[in-house]
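The next part holds the structures, each set out as structure tokens.
Each of the next two complexes has chain A plus one other chain: chain B in the first, chain C in the second.
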Partner chain A sequence: MTLEVILFYAFALLAIGSALLVVSLKNLARALFLFFIVLFAMAGLYLFALADFVAITQILIYVGGVLILMIFAFMLSNKELLADLQNTSKQFLSLPNWQAAVLAIGFLAAISYGIYEWQDFTPDWITTNLRNGQVIKPTDNTINEIGYKFITQYVLAFEVISIFLLMVLIGAAHISRREEQA
Partner chain B sequence: MITLTHCLVVSACIFCIGLYAVLAKRNAIMVLVGIELMINAAILNFVAFGKYDESNYGGQIFALFAIVLAAAAVAVGLAIILNVYRKNKTINLDDITDLRD
Partner chain C sequence: MYELFIHILIPIAIFSFIALFTLFAVYAERKIAGFVQDRLGPMETGKYGSLQTIADILKLLQKEFITPTVADKILFAAAPVVIFSAVFIGFAVMPWAPDFLPANLNTGLFFIMAVISIDAIGILMAGWGSNNKFSLLGSIRAIAQMVSYEIPIGLSLISVVMLTQTMNLNEIVFQQGVLASDPIFFFGFWDVTQIGGLFSWYIFQAPHLIIVYIIFFVATLAECNRAPFDIPEAESELIGGFHTEYGGIRFAFIFLAEYAMMFLVSMLGVILFLGGWNTPLPNIGSFALADWTTGLYWGIFWTISKALFIVGVQMWIRWTLPRFRADQLMNLCWKVLIPIAFVCMAISGVWRIIVMV
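Right after this comes the complex of A and B.
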């Protein structure tokens, strides 16, 4: 066991364990703050795929933006929101929870079986790139490369997503605006 | 050595936990958190596969696009949830059954 593997398992356990806690806690505020930890652990996992820029973006956008937005929305709404949450079900596993757990575990079994079967059939492009040494190396300057790719190869998608983001900002501001009393 | 399968298994677990949150939770904010978990699992898959594609960097760039899309989804989703709360005084998804008042 090298340090790399130990760190990977630590991050994976942190992510999966806190994600399990997020869905099992009854307290919404605690669940949201645990979601924080899940996002940090996922950013750590991206580093093992040599995606440092994606990991930093994840921390900036998710932890800095999305989570603050969620906590904001949670604090803006009333105390009834909390009460509403707590009287949903007293038992540990009520009927809908039980059905959802069966579905989720069945899905996990299906995906795991797929991964297990797929293991021996690596796609051609991966084997070709591995043979030619065209895989991302830890010494590569990924931020430079991503910057070049954004304004050359993927410029159309970049522009489309810029317009989309503008539309979303205007739309969100429009939806959440308080209506005038008629 | 971290192989592709390691990342795929972790992302499968996170995806299924998100699926459980979407199916079982009655609080709209928790459903949104479940959707975020599923998107994060997809992003992990993107970067894990993107590691083997140095000429295009497709995985990392589309992971960035996915992060932007998720942020946009959260912004609009929370705006809608706040509006629904203002109208119905609840965000319990079992009670919200009307499309118009």
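Right after this comes the complex of A and C.
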């Protein structure tokens, strides 16, 4: 086993193990901080798919932004609400354990079947590119390619996202602004 | 096997550098504080108090682990590790000399931005885990400050990246000296590719980057939670902020992280704006000072001395300026730094298209 394989399995084990802990822990604060490890391990797995840009973006946005927002939301919510959340077994929305297990196994079966089918019928463009050697290498500078694609092929989507983000910014500024005194 | 050995050796080397730097930086900080406040600083231990910080660290190492009874034990113990490793990982992509860096990533600059944001999680962990009102208030202040000030930092980095066209820190430094592959113009008109030195640094390649550097410097000062932006650990209001409950080696690690962060951001500023490992001495005719003072050992020397100079400026500012109030801090960030950074970013785009071609 090379170092890369060991690292891959370590990240995968970390992601699965801490994700299981996140959903099973009774202590919500610890679960939220554990979620940080899940996201981090996911970023590590993205690296193995040679998606270094996605991996770093994952850490920057999810760990630096979303997770902190979640922790703040947790800190600002009141104690009764949290207590309710922790005893949800009697509520109508919650699933009994055996149903959840059936659902999880069903999803696992669907995914495994998909992977099994995929191996037999690989799309043509993948096989031709593999034969011509048109594959991404770990040393390739993918970030420049992403930049070019953003302002050529995917320019519409990129601009729509930027306008959406601008709307969010303006909305946030409007909500947080102090009402002017009459 | 040899590669594995290198992979282990480099982090140890960087860690020992950080530890040594912290020891002497704390001593320097006290001496600078003494100078600014017209007193002597530490004088008792060793000649001129030079052994003071070594005595301090020996004391910290011997101390008992004290965890408050109602604290969240796991979070409390994990927080210093997260805080320190966040800063420590950042050193992985820092170039010290030509082609002499732990990891030559194409996404180096972006990586550092991401890694620095992990620091905030560690501080929140420390504040929540301590189960102390002062710690929690301190950590919430720290997060509010760090999340806000990441925006001017990001914008100032974008201004530079628009000119460099790469996020690889190694290549960014190569573009600022005699080893550059592309022609360099001082202020956009004087070809200094062969002259190098001070004139080819990025702040002089495009004059608006001087303003960008000031924004970057102020924002990183806030990111390090240093005075005048030290409201997260304001001693007069919050006792010690998020590290109120910490003692012994755990406190030592938080302290180490703070000083490592100071060095990291100073070094990042040096790499992006002040030429990194490039020499400040230009080639003057047959006196090829720039060619003579470029190389592996010279590179390490210039990087460290420039970064230490910036750290010195940070300390000088800390002991000179009073602390900002929370609302003044936010006003400075959102109403002053961010608009100016946006204007500079626009100038960068125009400069790249019209002047640098």
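We adopt the following convention: the second predicted complex is superposed on the first by the 159 of 182 C-alpha atoms of A that agree within 3 Å, B and C clash if a C-alpha of one lies under 4 Å from a C-alpha of the other, contacts with A are read in each partner's own complex, and residues count from 1 in each chain.
Rule of thumb we're sticking to: a residue touches a chain if its C-beta (ideal position, glycine included) is under 8 Å from a C-beta of that chain, and two chains touch if they have at least 3 such contacts.
No experiment lies behind these values; they were computed from the predicted model shown.
Aligning the shared chain A places chain B and chain C next to each other free of steric conflict.
A count of residues in chain A touched by chain B and by chain C gives the higher number to B. In the superposition on chain A, A:Val155 makes contact with neither chain B nor chain C. In the superposition on chain A, contact of A:Met75 is made with chain C only, not with chain B.
Of the two partner chains placed around the shared chain by superposition, chain B is the only one that A:Gly171 touches, whereas chain C remains out of contact.
Using the contact criterion defined above for the overlaid structures, shared-chain residue A:Thr142 touches chain B and also reaches chain C. In the superposition on chain A, contact of A:Gly64 is made with chain C only, not with chain B. Of the two partner chains, chain C is the only one that A:Ile56 touches; chain B does not reach it. In the superposed model, A:Leu3 lies in contact with chain C only, and not with chain B. Once the two complexes are laid over each other on the shared chain, residue contacts for A:Val38 go to chain B alone; chain C is not touched. Here's the short version: in the overlay, chain B gets within 14 Å of chain C at its closest Cα pair. In the superposition on chain A, the residues of chain A contacting both chain B and chain C are 53, 57, 65, 142.
Residue ranges on chain A touching chain C, taken from their complex, read 3, 27, 29-30, 33, 36, 52-53, 56-57, 59-60, 63-65, 67-68, 71-72, 75, 141-144. For chain B in complex with chain A, the touching residues are 1-2, 4-10, 12-21, 23-27, 29-30, 32-34, 36-37, 40, 43-44, 47-57, 59-61, 63-65, 67-72, 74-76, 78-83, 85, 89-92. By the touch criterion stated above, chain A contacts chain B in their complex at residues 2, 4-5, 8, 12, 15-16, 19-20, 22-23, 28, 31-32, 35, 38-39, 42, 45-46, 48-51, 53-54, 57-58, 61-62, 65-66, 69-70, 73-74, 76-78, 80-81, 84-85, 88, 96-97, 99-101, 103-105, 107-108, 111-112, 115, 119, 125-126, 129-130, 134-137, 140, 142, 145-146, 149-150, 153-154, 157, 161, 164-165, 168-169, 171-173, 175-176.
Remark: chain C residues 4, 72, 74-75, 78, 105-107, 110-111, 113-115, 117-118, 120-121, 124-125, 128, 136, 140, 143, 147, 150, 167 touch chain A in the complex.
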